[in-house]
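We call the chains A, B, C and D, going by the order they appear; numbering starts again at 1 in every chain.
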Amino acid sequence: MKIKIFYFARLKETLKFSTEDLELPDETLTILKLKALLAQRSDTWHEMLMGKLKVRGAINHELVDDLATIHDGDEVAFFPPVTGG
Amino acid sequence: MKIKIFYFARLKETLKFSTEDLELPDETLTILKLKALLAQRSDTWHEMLMGKLKVRGAINHELVDDLATIHDGDEVAFFPPVTGG
Amino acid sequence: MTVRVQTQDFDVGFEINQLRVARPDVGAVVSFVGQVRDLNDGNTIATLTLEHYPGMTEKSLEAIVNQAKSRWNIMDATIIHRVGTLQPLDQIVLVAVSSAHRNEAFSACEFMMDYLKTEAPFWKKEATAEGEQWLEAKETDETARKRWEK
Amino acid sequence: MTVRVQTQDFDVGFEINQLRVARPDVGAVVSFVGQVRDLNDGNTIATLTLEHYPGMTEKSLEAIVNQAKSRWNIMDATIIHRVGTLQPLDQIVLVAVSSAHRNEAFSACEFMMDYLKTEAPFWKKEATAEGEQWLEAKETDETARKRWEK
């Protein structure tokens, strides 16, 4: 399956990635599993996605929790807790 | 003692008085006593000041209750509950 | 503090800006604008005439602002209330409050409206096709004010 | 409903008027304007840069308006949020709500601000003399939002 991932704010800046297209094996993928997969890339990735920082995830523009399932073609995003207003 | 009285809204309209200067004997005068005094003028006055209508009183621009004491030179006002905003 | 009772209209944008321009410590301005509706309790309104008690009105509005200042950490406030004869779609009242943070501005603005509705000496008379009538004070306004006494 | 995310400034007076002009059933417009402060948690702010998630931002703001509409009898609402680099005294956000009666407009406006602060994908980075830093989400904002779940 193919997904698109966006990173925002501190994550984007530290990971030096704003977006990427990813092709993954066709198995059940949750937000948590995707985080764990990406965290294998380096210590920095691990720290940003699985570390002490709170990371929020969205699928197709909806906030979701770690157990939400990702499907083929989904747009996933990772970012810190929001601070607008 | 001399006092000035103002009437507003429905009271002013029905009593056909917006303001008057009154000279009264020098005795302890409360809002309630003044109302009773004015109510003797006619049935209309009685109905407006001592009837079923809620009447609020003010002394020198401060809302007061029926037991508040009026002094020489005071500005007294009678009006219905307020409806601004 | 700005407190005005006037027959002429007011400019909401200007008044809100006055509370924050040149005030970099202000983070929030909450405002309430009241407008004359064309329908009130089922009556079609032609005009609404506002009477007030000159002298006492200004004093009571200032007292309301001062009470809000003593209860919340607000920076400044503006109350403008129109009097005279108004029509549907006319602005009646503006209450605006500035503060560093939003929660204080929201509370203070709502508090000021609730007190204005029950303590400031204004009276409304509406003219409809059936004639003129003075509006009665609403129990709900009294209830709204009382919740601040807790 | 008006929902806009933009770099340019907005005219508060114009936006508030849009919610009531030609709407004689509107009796109240409550609004919140947020401004960039020069001091935040003791830091002197030079600039504040707002990043957002295009697509999701608009969708989440619309969802917030729709939630407010389902909870209160409001007529219309406007949310405008700026992004990009701002300075102290710049306007950041406007939330405005119209309704027949004031209590609903006050509640809906405060509700929308609390949800905007905790659910809309905006992030702030402040630049001070000491350098740049991303702002942390505040626990108090989360608490403010949670009170609406009761």
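What we mean here is this: contacts are C-beta pairs under 8 Å (C-beta built on N, C-alpha and C of every residue); 3 or more make two chains touch, one makes a residue touch a chain.
These numbers were taken from a predicted model, which means no experiment stands behind them.
Participant: Which chains are shared contacts of subunit B and subunit C?
Facilitator: Common neighbours, subunit B/subunit C: none found.
Participant: Touching subunit A and subunit D alike: which chains?
Facilitator: The common neighbours do not exist; no chain touches both.
Participant: Using mean CA coordinates as chain centres, what's the gap between subunit C and subunit D in Å?
Facilitator: Computed from C-alpha means, the inter-chain centre distance equals 23 Å.
Participant: So what's the Cα centroid distance for subunit A and subunit B, whole Å?
Facilitator: Each chain reduced to its C-alpha mean, subunit A and subunit B end up 73 Å apart.
Participant: So the centre of each chain is just the mean of its C-alpha atoms; given that, what is the distance between subunit A and subunit C in Å?
Facilitator: Here the centre of subunit C sits 48 Å away from the centre of subunit A.
Participant: Going through subunit A residue by residue, note those that touch at least 2 other chains and give them in order.
Facilitator: In subunit A, residues 85 touch at least two other chains, as defined above.
Participant: So which bits of subunit C are touching at least two other chains?
Facilitator: Residues 34, 102, 113.
Participant: Given which chains touch which, is the overall layout a line, a ring, a star, complete, or other?
Facilitator: Contact map by chain: line.
Participant: Could you run through all the chain pairs that touch each other?
Facilitator: Pairs flagged as touching, ordered by label: A-D, B-C, C-D.
Participant: Enumerate the contact residues on subunit D facing subunit C in the complex.
Facilitator: Touching subunit C: residues 11-14, 16-17, 20-39, 88-89, 100, 102-103, 105-106, 109-110, 113, 144 of subunit D.
Participant: With touch defined as at the start, can you tell me which subunit D residues reach subunit A in the complex?
Facilitator: 34, 50-53, 55-56, 59-60, 81, 92-93, 113, 116-125, 134-138, 141
Participant: What residues of subunit B sit close enough to touch subunit C in their complex?
Facilitator: My answer: residues 6, 8-10, 12-13, 54, 58, 61-63, 77, 79-85.
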